[in-house]
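Reviewing the structure listed below.
Order as written gives the chain letters A, B, C and D; numbering starts at 1 within each chain.
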């Protein structure tokens, strides 16, 4: 009988079934051989990041800088006198994969320190598990304000500038701007809502008028309707919380509409990857920057120089700077705790102040949020670089930029 | 802005979006018409088009050259793939096989692009003559989008006339009606299939190049576009060329006006539209139920 | 009925897995089993009724979100929550099945896709309820009933999943070998004829669709509490495509094949992505290789040398047999 | 009283009247042939009676129940089994399974989701009897699409028989068969019908076949009944002669 004709009255031999049983057990066992062995002595740091898929660009920044950091640290005697081993795992930006990879890192490699998570829903998925895993997770780029407010868990710290902080920085910057009415467009996910929400309150705090807001679906590609809405609002300013692909799409199309000539746009994150892709169209773009590589302090200069030596033709993006700072803070805390144990690191990191590529940052005890300075930059052309670069317009004090403890709110 | 001006701008927005969607959808539907396969890789070919276009523009500095080179390259890739794999599957004629092969191709293509061009996005800047806006009812509207509308219109008319008037077009329609018959009449159906597949891929590539100045070329662009293309082809009717035009317009208008009036349900509207149409006409507007 | 012996042996072997496999493997193994169950549920439609569903992810996501919401808001005992989730999902699936089964072929595929995408869109529409793109995190695994709590440990959860998988397999097997299943085969082969014989084919299609949703929902309902979260990715249309591939790669219309396909590929992806970032290339190539060289699928390959070639009609009519073929 | 009674049954396709006010009464146990030149409306009549097509006018009563307007499957459930002009089978299933699905169609447990072993056993038994009656037992395990055309025609009849119908409607059972195949098929059919437990309506334009099998003949011409009588009378009927160009040599 053919396969199909068998379907009604399948008569299967014992041997077939046994075969299936064997097959199943083989499948179960096989990966054992493939497993990548990890040395015992080095300090293992898990980097479950996006290697393949849509967000790969952000993952690639994390990896290149992490590799650079390893070189530099190992050269200078490592951490706690031990070499560093980064374990890069591909999560494809999917929470499901992120949780699984972390679980494996914990159980197989006994690796209990994580950073480099790209997507905020990934961060959300693993945070509730940190305690069970007795693991430590320091965010280098997850923006959702609530991660250090209502969603905070003990073994989590955030080194980077959060969405509300970015919005706050811009609000402070716009305080004395001539524009009075502001509209806001954000991406329809956690980070976008967090940013726009914060901007809405902040801009009103500084005595401006908030003209309205709109959220574009994740992965939206045609922004014409939203541009129309912005123009209809008759606001003189527009706050843009769109990242990566969405940000580029918006700015390309806004440029085609000549939107900039009618509305002053300020953006949540100025990213070098976008500047490069947009080319000369990006010139004049103003916004807050989580990390402008042009920040002129010795710690940063050294990093940028080392970085450009290592990766000729590349410039550090915001995520390069943020992962760099996150790792600096992590290592300092380890040295201070003289341990790699999660609990000890947490204790050591509370109220720890570290001066890294973004200047002095204080890891607040009360809500584990890193107090970062706020940078406002404008994209400009420069004789020293082949592509436009962010020129720093203003730097705001970390106390003014960081929200109240366990909150996304500010006093004034 | 006054309501008329608003309607005009929004409609033009929709038309320009429809133009890009059409380039992907018409290839998809023609391919389905001829070989009864749903080409999962179509989005990746669209993406490949954008990247090839970028490289061409970067090398020559000419957007227009990119518009010519990308379709040729991608069309060739498509034809090669059809010859190498799909052509061996027709005798089997089971949908699953096509699904897997094209799905596999989509995965491979996405990865190959990442390896060749890297994970970073690449922009194609709007050609200078298409920069800036024209004022319609004192609303600014981008020249580039007007260009898209015109270009899309010409492409649609051209393809339609080609299918209706030319002998080759007649042949294509004949094959989609009854391949065996055409074969029996001594025409090389396999050749027709290869060409149509290549043509479909070339159209997708065109769409990719045209989209690049508005969204830049990036790794995620395939997944976001293929699903829209599916919806369009289904709404219009699988295999119906005119259907793909109507579908593109419907979807574009649904998205543009939906996003305006129901921003929270922007995603859902397109699928609601698709549901309603499928429930009323299971074969799509101009299609016959398979 | 020697398949029973085989089943027992396989089940026994499976029960030993936690003893032989290192603990860190269990996570991926459990997820693989869940995915295998999901793939098998689709096989009811694809393999036995030749209804290609392009939106089967809806079943998975529905199960995951319902169980997640039940556990988060009502703190029900885990088994109860899962059973309820399946029931609710099937209830929701009923009207969907009713609409989709009016059609067949490509139209069916696309209608299912439309419903799945609608679900995906709705997740974003009702953020307060579904958490939008954040999804729902911190899903508990409350103990009970009768103080049962073995499933709170990972090994325990493995056995619960295994139990569900084996149980579902037996149910599905009984279903496709029942008189009902025979009619499904009829519909698969020639629907008009089946109707002409006196069967109300739509009713049968409706029932099998709801059943497929039920088993798919079970897979989702098992996943959410295990991972501890549910996010829109569980509703993403690409998963529908992937699971369809798993069914075909495993060998559609065999139930066992799709299970193997699902388990095999989830583990393969996980392990490959460990060793190389080129894994998607290898993955895609495997798909194509299977279509080209092993259309019968994994299970087909495994069993090929055991199944006898079809009995040929008497030699006197071989010519006609050939003609009947062409 | 007649088992099937058609009164004024009419089916129009636009201007064309395919079946035109057909009155026909078939008695239990009778073997009725419906003949007529191509396009006379024979198959259309079949399709109207079995619910494949809705009638434009008139009605068909079966066992004192009106069956016009019922969907196909319900007509079948009343006990009317039919074959199609173009063979309709389950190509990849074995002959046994083909017949088995047919046999199961009117068993109470046909919708059993789980188990139903007794239903299966019963239907398998019936299926094998049916195959035996049409001399197909040796092909029981052969997939239908591997059978010769002739055996495929017979298999479809076997399926109809397996349905245990009160009325069996055969649409050109010998269509497309070679002379030898036809003779063989007719032998098998005659033997099968000899038991006399079946009422049969048979569409056929091979006169040989008709006169070998039929008790009574209805002649259709351009949708209308022009004769309804025993074979000998029909043979003699001039109008039939005229309608049938060439007549019966």
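Note that in this section a contact is a pair of C-beta atoms (placed from the backbone, for glycine too) under 8 Å apart; a residue touches a chain by one contact, two chains touch by 3 or more.
Here the structure is a predicted model, which means the values were calculated and not measured.
Touch-path distance (fewest steps) from chain A to chain C is 1. Taking the mean of all protein Cα atoms as the centre, the chain whose own Cα mean lies nearest is C.
Note: the chain lying farthest from chain D is A, by mean C-alpha position.
Between the Cα centres of chain A and chain B there is a gap of 34 Å. The mean-CA centres of chain C and chain D are about 42 angstrom from one another, to the nearest whole unit. Centroids built from CA atoms put chain D at 50 Å from chain B.
Contact with two or more other chains is made by residues 92-93, 97, 100, 141, 143 of chain D. Among the residues of chain A, those touching two or more other chains are numbered 1-2, 4-5, 8-9, 52, 217.
In chain C, the residues that touch at least two other chains are 124, 182, 185, 189, 280, 310-311. The touching residues of chain A, when paired with chain B in their complex, are 52-57, 59-60, 214-217, 219-222, 224-226, 228-229, 231-232, 244-245, 248-249, 252-253, 255-258, 262, 273-274, 276-281.
The residues of chain D lying in touch with chain C in their complex are 50, 52, 71-74, 76-77, 81-82, 84, 88-93, 97, 100-102, 104-107, 109-116, 119-120, 123, 138-139, 141-143, 145-152, 159, 163. Put simply, chain C touches chain B in their complex at residues 46, 52, 99, 102-107, 109-111, 113-115, 117-118, 120-122, 124-125, 237-238, 241, 244-245, 248-249, 252, 278, 280-281, 283-288, 290-292, 295.
Chain contact summary for the complex, chain B toward chain C: residues 38, 40, 85, 88-89, 92, 94-97, 99-101, 103-108, 110-112, 115, 223, 227, 230-231, 234, 238, 264-265, 267-268, 271-272, 274-275, 278-279, 282-284, 289-290.
Against chain A, the residues of chain C that register as touching in their complex are 2-3, 5-7, 9-10, 12-14, 16-17, 20-25, 27-29, 31, 47-48, 124, 132-135, 137-138, 176-177, 181-182, 185, 189, 223, 227-229, 231, 233-234, 253-254, 256, 260, 263-264, 267, 270-275, 277, 279-280, 296, 298-300, 302-303, 306-308, 310-311.
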